[in-house]
Structure formats: structure tokens, C-alpha cells
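What follows is a set of structures to go through.
There are two complexes below, and they share chain A, which is joined by chain B in the first and by chain C in the second.
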Partner chain A sequence: MQTKHSNGWLRANRQKIAPWVFLAPAMLFFTVYVIAPIFQSMWYSFYAWDGIGEKEWIGWGNYIELFDDDRFYVSLKNNVIWLLLYMLAVPAGLFVALFLNQNVWGMRFYKSMFFFPFVISQVVVGLIFTWFYNPNFGIVAVVWEFFGATPPSILGDERFVTYGIIFAGLWPQVAYCMILYLTGLNNVSTDQIEAGRLDGARGWRMLRYVILPQLWPATFLAIVVTVIGALRSFDMIAIMTQGGPYGSSNVLSYFMFEQALSEYGFRMGYGSSISVILFLIMMVFICYFLWVMYQEDRRG
Partner chain B sequence: MTKLSTILTGLLMSVAVSSVAMAEDLVINFDDPNPAPKEGFEAAVAAFEAAHPDVNVIVNINDREAHKTAIRNFLSANAPDITAWYPGNRMAPFVDAGQFEDISDLWASDSNLSRNFEAIKPTMTRHGKQWGVPYSYYQWGVYYRSDIFEENGIEVPTTWNELLGACDKLKAAGITPFTIGTKFLWTAAGVFDYLNLRTNGYDVHNALTAGEIKYTDDRIKAAFENWETMLDRCSFVANHATMSWQDAIAPFANGEAAMYVMGNFSVAAYKDAGLTEDQIDFFEFPEITPGLPRAEEAPADALFIPSGAKNKEDARKFLAFIAQPEIQGEWNKTIGQLPPNSQAPINKDDKFIVKGFETVSTAAGLAQFYDRDAPAEMAKAGMEGFQEFMIHPDRRDQILERLDKVQERVYK
Partner chain C sequence: MFPTPIEKRSQSRRIAYRICVPVALFVWLLPLLAIFMTSTRSAADINTGNMFGWPEEFLLIENYIAVFQQSKAATYFLNSIKITVPTVIISVALACLAGYALAIYRFRAALPLFFIFVAGNFVPFQILMVPVRDLSVQTGLYDTVAGLVLFHAAFQTGFCTLFMRNFIKALPFDLIESARIEGVGEFKIFWYVVLPLVRPAIAALSVLIFTFVWNDFFWATVLTQGEVSKPITAGVRALNGQFVSQWHLVSAASLMAAIPPVVMFFLMQRHFIAGLTLGAVK
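Up next, the complex of A and B:
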């Protein structure tokens, strides 16, 4: 009787239960490996802890130190530069996509070549650009010396280093945005283009008023992945400069790693406080994106 | 990996128990898989097994960087009986957290350890107790291109002025006096340590790395002034901030630069870059303050017993065994370094070892290295400061004030 009853309840509600059953594993792992560590980090950020010894509660101590730390402001400034310049990947990706969106013999090959940098590992991209920039034997040295100039030490000069790394990072990011736009362009309605053409729109006006509005989903996605990419720009810096020279190319994510986990670090509390700040910055963007998506959903 | 080794340990244990009665396992985590270091270590293990057939040694070899990360986990999770690590301030976190075994008893009872390791004993000591046994160390100094010196009629400099004079001659010949690669920072610390040791001496080095004197202290400023002179007259290769120490060998090997402040481990790399024994040689960093007792950088590598070890008895036997003069001599002959045991034979065929032994055995004091004597956080900030100073000497005061600020926090 009892089993029959519960069976009946399951049966009656299976439409409602099924999604939760399917979601359960993902939710479990997301909670254990993403949500819980966020709160753990916040908790650790109030301690002085080297990872093996006794934890010592120091309240806001890590944050007070952080806001008095020059390296934090250097990293923060570089993060802002990354955010701004990385955005170039979106229009550049659009441009490449428009350029490649034509029917010429061998176009698939060209498309795949343009997409290539996104496929290879960031580590490899970093290494390749490190060699490009090498003032002794890199391509930069060859070009500068051809014009009789002394090649700049791009990765060794605090004035250029961040821009040098961002430029390297843009290469795969442009490819990523390009592929988003190429798929977007496939879905552009031909009817509307025809109609626009009948109304005399062409060139820039066609792009601005007919094509781009239809590409909004792709643009939105491109912006989201680029913002996230800029904020977690870690691998390029680790490979190309390790935050150097003397910390001038640091960003928050690498600074956090350096303080908490690198050879001279193991300040888990301080590292956690940096990651909390980075998390708060990301939250601003995440909330904005969620809000935009929510608004669009409502509009239907 | 650790799980695998546990399983293997278990398997081997059961086999051992069934075949040889009373055979004990001794697990050692070593940190250098390069051919020569591996060979030297394995030979020492083989000799130990021959002398102690009742002990079954199990060896795990990891690479250096991986070992540095892994040690923090395996010391508490799955402690081996012996692990490789570094003395000086590098062992401090583990000693203070109670993860290394106090082996002062061994140092006191073993007549070889108590008599033949006087010079290196202080760096193995913390809170008045000894925590490990060193198996190897190496000298630092100036490696130079003897052929270039000869071509330009330059004598090996023994004083500061002679060094500056040699630099003038090299520059006149279109050669950059010094090569260096500061991408990974520590190479700059080698130069600073020597300038500080020669300007102010061993006690100031120790007081600075122990946080007892400030970076804006006049003595430290004087060392920096000498560094400025050196940057000016003995310039270093351009773009050093983008090069690793291995990258910096290129200008040295192709004759664009003539000197390199380095440790003896670099000799093999010079030879790999195509230089022969006749082209390279070694001299002690020249005297700056006349009459100051000469101290040297001589970082050591050591073995420690984790406090979580299961077989501490055999681990002690092993440490005492590898401290013996013959074992240390043989091991270091293989890896081309110096044996810390003062009675150990050295490789007389290697001129760098002969000179290095002379250098360190007559030194008034042995420093470990800036980043091993100073706590990690101070070392990192300090070395970034050194690199910045080498590129922007005009920022000296600003850098030193910043280091004071870090120092205040680190040593509170």
C-alpha cells in the first residue's frame, strides 16, 4: 500500500521531478567545487595562514594590507587596461568574419587558418610571442634592425610589457569572436537584406542598421567571453613574464597565484583576499550580463 | 603517484615479509631527475643497500619544481621516511609547523657528523637544533672567459678597482663585461649578495636577511652605491629582464659578454653551449672594503626526516651513512659539486671544484643565498627591487623605502 502510494506520487509528479534528477549531479558538483570554495576563500581571507601551520584570525588585516599594497594597484590598473584593450577583439573579430563571409574557392581553408590560434594552447601562443618579442633574435629585432633602430625590449620594459601581452592574447581572442560572428552571419535573414537593398541601403548603412542588429546575440556572447577572458588572463602572463619585470605586468589573478601558491608565496589568507576582490569585480559584470539576459527573456 | 607508491610499498612489503624476514622499507622522495644528480643519488642508495641488506629502499624522484609544490602535501598526507629539501630559511616553515624531525641526537652521537660538518652546521640549525643532513653544496663566484681576458690583456681582478679597470678594457674592446638573466629574479640576488658581503661583510648579510637592519641603512645604501658604479662601468647585457639564466649564457658563449656571477651548477651549461675548459675559468668576487673577512655564497642541498615518517630508525641510519666522507666524495664527484663533509675527497681533475673547494674552505662565513636566508615574502619583494634597480638605478631610494615597508610587515 505504502509503495503503491509513493509510486503513484512519483508517477504523478515525474514531469516536475525529472529535471531535478537530471540536474542533481551537476548541481552537486557545482556546489562542492564552485560555490563552496567561494565561501571558503572568503573565510580564509580573514586569516594569516601559510597553508601548513596554525591559522591566525586577523579580521580585516589582509584587506587593510591589500589596500596599502602598491602591487595591488599595479595589478588593478593592468586589469583595467586588459579589459579595455581586450574589447578590441570584438570589432576585430567582426571585421575578420565579414571579410571571410564570402564564397571564394578555398574559403574553408582560410577560415580554419584564421581560427587556428584559438585551437592551439594559450601556453604555445605565449611562447611564440615571447620569441617574437625577443630583442636579440625575435622578429621584432629583425624588423627594427632592418630600419636601423635598436629593438625595444617589449617584455622587459614596464612601459610596454602589458600591451605586449595583451596583443599576444588578442590573437586567439579575435579568432574566438570571429567564429561567433561567422555562425551569427549564417543566421542573418536574407529576406531582410533583400528588403534593405530595395530600400537603397548598402555598405555601412546596411551593416549598421540591417546586419548588426541581427548579430546582437553573437555580439553579446563575444562581449561576455572577452570580458571573462580579460579578467582571468593568467596563462599568458605566467608564460611570458611571470608578472615581471618587477611585478609591472601583474594582474589580479596572477598576483593571487603568486601570493598564495608560488615558490615565494604560501600566504593563503592574503591570496584569498585578492581573489575575493577579483570575484567582486567579476560579480559586477556577471550581474550585468544576467540582467541583460533576463530583460531579453522577458521581452521574449 | 602517491597512491601508486603506497600500493607498491604494500606489495613490496608483503613480498619482503614473505621472503626475507624482518626487511624494512625506507621511502625516499628525491627532487632531481636530471641524469647526473639521479646517478649520484642512486649510487649512494645502492651503497647503502649493500651495507644494510635488511633495509629495502624505495625511491621516488620528482622534478625540482614539482617537488617544491608536492612536499606541502606529502609531508602531512603521506610522509616518506626521507625527503630532499633546502636548509636555511627554506626549512623554517616545516620546522616551525613540526613537520621535520629533530635529529640533533644524530648530530651529537655520530662522530663523523659532529666533527666534519662544522662549517655548514649553522645553516642546518634552527632553534638550536639540527633538522637535516647536507649531501652537497656549491660555490658562487665570477665565471669568466679566460680566452677573452687573455686577448685583451686583462688580469684576473682581486680588488674592486681592478674589476672596474677590467670592465673599462672590456668595454673599450666592444665587449659587455657581465651577462645576467633576471627574468626569474634570483640571479640579481646573487650580485646583490656579493656586493653586500664585500662592502659590509657576513654579519650585515645575516642581520639584513634576519630583518635586524633596514634596507635604508647607510651600509646597505653603500652596497647599492657600489652596485650603481658597477652598472655604470661594468654594464650588464641589455634586456636581461627578459632572459632566464640559461638564456644569458648565449652572449657569454658567443663572446659578447665576458663575466657571469653564478653558481657552480652552471659550468655544465657553459660546456653544453660549446665552450671548452680552456675558455672558461672562475675567480672569487673581488674585495671591495679592504681587509674585510671574505664570506662566500654556498647554498647546500640536504635530506630531512619528516616527523610523519614510519621508519625513522633506518632513516637516521641512512642520513648517517650518506654523511660519510667516501660516500659524499663519490656522490659529489658524479654531480660536479662540493661535498659538505670536510674530510671527503674532492675531484682533483675538475678545476672548478678544486678552486671552489679552496674558495669555500678558506671563507670566513658561508651564506646560503638571499632567497634562502630571507623569508620567502621578503625575498620575493627584495629580488623584484634588485631587478628594478638594475633597470632604473635612479629609483634606488624609492625601492629601498618600499623594501623597508615589506620588512616591517614580514618580521613583525
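Up next, the complex of A and C:
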């Protein structure tokens, strides 16, 4: 009797229950490994904890220390530099895409070869550029010596190091933006280009007033992935400098790792407070992106 | 087409373009070429500082064999496969189910849930680091392949769900509607109607997640310790420490680490690009 009764209820509410059944596995995984850890990290950020022993509640202690920590401000400043310079990938990607958007024989091959750097691990990219920047035998050494100058130690000099790493990071990122724009350019309406031509729009004006507005979806995506990529930068720094020299190339993501989980110590609580700050910075961008997506979802 | 097709330009312009493209490509890929050349050099070349000239002798195969013989590269490589393949299967499967639910059913929580998946996909790894590591240590999953698989699968589910939901939403809804009228069960609709239609999305996600997870370095550093479960990205870094100033071997190892995603990309280029552009810009 009981089973029959509940069966009937299931049948009647099938449309209401089904989505939750479909969602359950994904939600379980995502909650355990993504959602819950976010709140746990926030919680840990109020403790002094070495990861093994007892946690000690210290309230805002970690944050007070953080806001008094010079290394935090160096990392924050570098994050801003990363964010600003990494954005160059967007126009650079557009430029390369415009250069390659032709239908000549062999173009498909060229396009995929230009995309190559994005497919490679950042670890490998980091290693390649570390070696390039080496003042004794790298490409930098060869070029500088050719002009009779003493090669600078890009990764060993506090003034250049962050720019050196960002330059290396731009290589795959430009490739990514390029591919977004190439697919976008494929979709640009020919009618509008023809109409523009009749109106006498050419070159720059055509790009500005006819092409770019139609490329907005590609531009938006390029900005999203570039902002997230800039704030997530970790691999390159870990491989190329480990934040050095003297912490001058640190960014929040690496600074956090260094504090929480490296030979410098296991300060999980302090590390968590850094990650919370980074999280809040990224949430500003994420919320903006979601808002734009929401607007488009409502329209479409 | 924009810019103006080059065929409509003058002869001289066409020739200039024809020359410019390969030159630009050469400069663009110079780093890769250099590392490839280095991986074929002899130790003597490296020691005498012949880094960019013509190699004294080509030791392509010898160097690659040396990497395998002198290090745990084979183990790292195998670990990468053991981590990547199950991750792809789990996350794509979960996303098919979740994406279907979020695209097809009209319920109030659908949009907020969708946005949680999207937002979760963008959060910095560092905010997950301490709790995920702690969880792994406590469940005995630290320093195991399974630990990495479970985490990657969960994290990538966010991106996969975003992609799947958008893909399924673009399918004609009539198909599902008419199946419902015929009295087909919800799971059967998913299995027999929707799943065959999302095959391109599955292909796109598979190549993309494969590449993302293969190239992961952060979690490989955080969740592994020894050689038992270290994937190739973390392995290359370990090799870099082991082969100090033996750049020919480091280069060979790095290139090896890059091969699987590159092959994946060239074999399934169209799907790969469809995935990267979120299917939004077709």
C-alpha cells in the first residue's frame, strides 16, 4: 500500500522531482569540492593554524597582520600590473586575427599553428622563457651582446621581473584571444560590411563602427578569460621566479601558496586570509560577468 | 569579409602578404623551435654555449630515451593519463545530467544554480586549497591519483555544466515536448532524445577538459608529494631540478609533456575551438 501511494505521488510530481535527480550528482561533487571549501577558507582565516595541530581563534588577527604586511602590498600591486598589462592580449589577439583572416591556400594551417602556444602547459612556457631570459646563454644575451650591450638579468632584477613574466604569459593568452576573434570574424554579417562599404566606410572606421560592435560576444569572452587568467596567474611565477627576487614578483595567488604551503611555513590561517582577499577581488569581476550574462540570457 | 580579401588587392600586396605570414609564424613560434632544437643537441653543445647555432650532432631520439632512463618521466606520464581520462569521463557525465536539468526544466532554482556553477568555475584556486588539501589528507586521498581525479572532476563540472546547459537550451524544445506527450519517461528522454544530440558538445568538452587537466600544475603541486601520483607537469618541474643545466634533457621532457594536448588539438581542432568559444560564438 505504502509503495503504491508514494509511486502515485512520484508520478504526479515527476516534472518537479526529475531536475533534482539529474542535478544531484553534480551538486554533490560541486558542493564538497568547491562551494563548501570557500566557506571553510573564510572560517579558517580567523584562526592561527599550522595545518596539523590545534586551531586557535584569533578573530581579525590575520587580516590585521595582512594589512600591515609589505609583502601583501607588493603582491597586490603586481596583481594590478598583471591585470592591466594582461589586457593587452585582447587588442593583440584582435590584431593577429585580422592579420590572419584571409581565405588564401594554407591559411587553416597557419591559424592553428598560431594557436599552438595556448595548448602547451604554462609550466613549459615558463621554462622556455626562463631559459630565454638567462643573461648568460639565453636569447636575451645573444641579442644584447649583438648590439654590444651587457644583457640585463630580467628575472633577477626587481624592476623587470614582473614584466618579464607577464610578457611570457601574454604569449599563450594572445593566442587564445586570437582564436576567439577568428571565430567571431567568421560570423560577421557580410551584408553589413557591404552596406558599410557603400557608405564609404573603410579600414579603421569600418572596424570601429561596423565590425567591432558585431564582435562584442568575442570581446566579452576575451575580457572574461583574460581577467580571470591574470588574477589566477600562478604556474608561471612558480616556475620562473617563485615570487623572487625578494618577493618582488609575488602576486596574491603565489603569496598565499608560499605562506600556507611551502618551506616558508605552514600558516594555513594566514594563507586563508590572503585567499579570501583574492576571492573578494575576483568576485567583483565575477559578479559583473554574471550580471552581463544574466542580461543576455533574459533577452535571448 | 573583413579585412578586404587579399585576392582583391594588388599583386604586390598579395606577394607581400604571402611572405609576411610565414615570417610572422616563424617569429611567433621561435620559442618552440628553439626548445625543439635544444632537445636534439648533445651535452657538449650545451657546455660550449652553442645554444642557438646549428647543433653539432642530432641526438633527438637519444635525448628522449635518456629522459626516460634517467628519470621517472614514464611514471609521471602514466600518472597524467590516469588522472586525465577518468576526470574527463566523470565531469562530462555529471555535466550532461546537470546541464539537461538546468536547460529543460522550468523551476525557480534553475538560474541561480546555473550561476553558482558558472561562478564556481571562476573562483581562485587558492580559496579552495587549504580545505581541499585537508579533506584529501583526512580521507586518505592525499598523494593519490584518485584524490586528484575527484577534485578535478568536481571543479571542471562547473565549466562543463555551463557549456552543456547552453548547448541543450539551443536544441529544439519541441522534440522533448512531443516525447513527453507520447508518455516517454524523463530519463528515457534524456538518454534517447537528448544524449545523441549533444554528441558534438561531449566531444568539445572532452578535448578541452583533457587539455585543462593535463596542463594543471597547481593542484598537482598541492595534492601530491612523491612520485607515486605526480603528473607530468609537476614532474617536469622536478626534472628541471634534477637535470640542472642539462637543458637538452629538460627541453626534451618539456616537449614530451606538451605532446598529448597538442595531438588532441590537431585531431579535434573544430571541437576544441567550439569548446573554447563556449559554443556562443560559432
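Here is the rule we go by: the second predicted complex is superposed on the first by the 276 of 300 C-alpha atoms of A that agree within 3 Å, B and C clash if a C-alpha of one lies under 4 Å from a C-alpha of the other, contacts with A are read in each partner's own complex, and residues count from 1 in each chain.
Criterion: a contact is a pair of C-beta atoms (placed from the backbone, for glycine too) under 8 Å apart; a residue touches a chain by one contact, two chains touch by 3 or more.
Being a predicted model, the structure only gives us computed values, none of them experimental.
In the overlay built on the shared chain, the residue A:Pro135 is in contact with chain B alone; chain C does not reach it.
By the touch criterion defined above, A:Ser273 reaches neither chain B nor chain C.
In the superposition on chain A, A:Gly51 makes contact with both chain B and chain C.
After overlaying the two complexes on the shared chain, residue contacts for A:Gly156 are found with chain B alone; chain C is out of touch. Judged by the touch definition given at the top, the superposed model places A:Ala260 against chain C, while chain B stays out of reach. When the two structures are aligned on the shared chain, A:Tyr246 is found in touch with chain B, with no touch to chain C. When both complexes are overlaid on chain A, the residue A:Ala238 reaches chain C alone and has no touch with chain B. More residues of chain A are in touch with C than with the other of chain B and chain C. The contact surfaces that chain B and chain C form on chain A in the two complexes overlap at residues 51, 261. Contact residues of chain A toward chain C in the complex are 14-16, 18-20, 22-23, 25-27, 29-30, 32-38, 40-41, 44, 51, 98-104, 107, 110, 112-117, 119-125, 127-129, 131-132, 137-139, 142, 171, 176, 179-180, 183-185, 187-188, 190, 193, 206-207, 210-211, 217-218, 221, 228, 231-232, 234-235, 238-239, 252-253, 256-257, 260-261, 268, 271-272, 274-276, 278-279, 282-283, 285-286, 289-290, 293-294, 297. Partner chain A is touched in their complex by these residues of chain B: 65, 68-69, 72, 75-76, 93-94, 96-97, 99, 182-185, 238-242, 250, 371, 376-377, 379-380, 384-385, 387-388, 391, 402, 409.
Looking at the complex, you find that chain C touches chain A at residues 1-3, 5-7, 17-18, 21-22, 24-25, 28-29, 31-32, 34-35, 38, 49, 51-52, 94-95, 97-98, 100-102, 104-105, 107, 110-111, 113, 115-120, 122-135, 150-151, 153-155, 157-158, 161, 186-187, 190, 211, 214-215, 217-218, 221-222, 233, 236-237, 240, 247, 250, 254-255, 257-258, 261-262, 264-266, 269, 273, 276-278, 280-282.
Every residue of chain A that touches chain B in the complex is listed here, in rising order: 50-53, 65, 70, 130, 133-136, 153, 155-157, 241-242, 244-247, 258, 261, 263-267.
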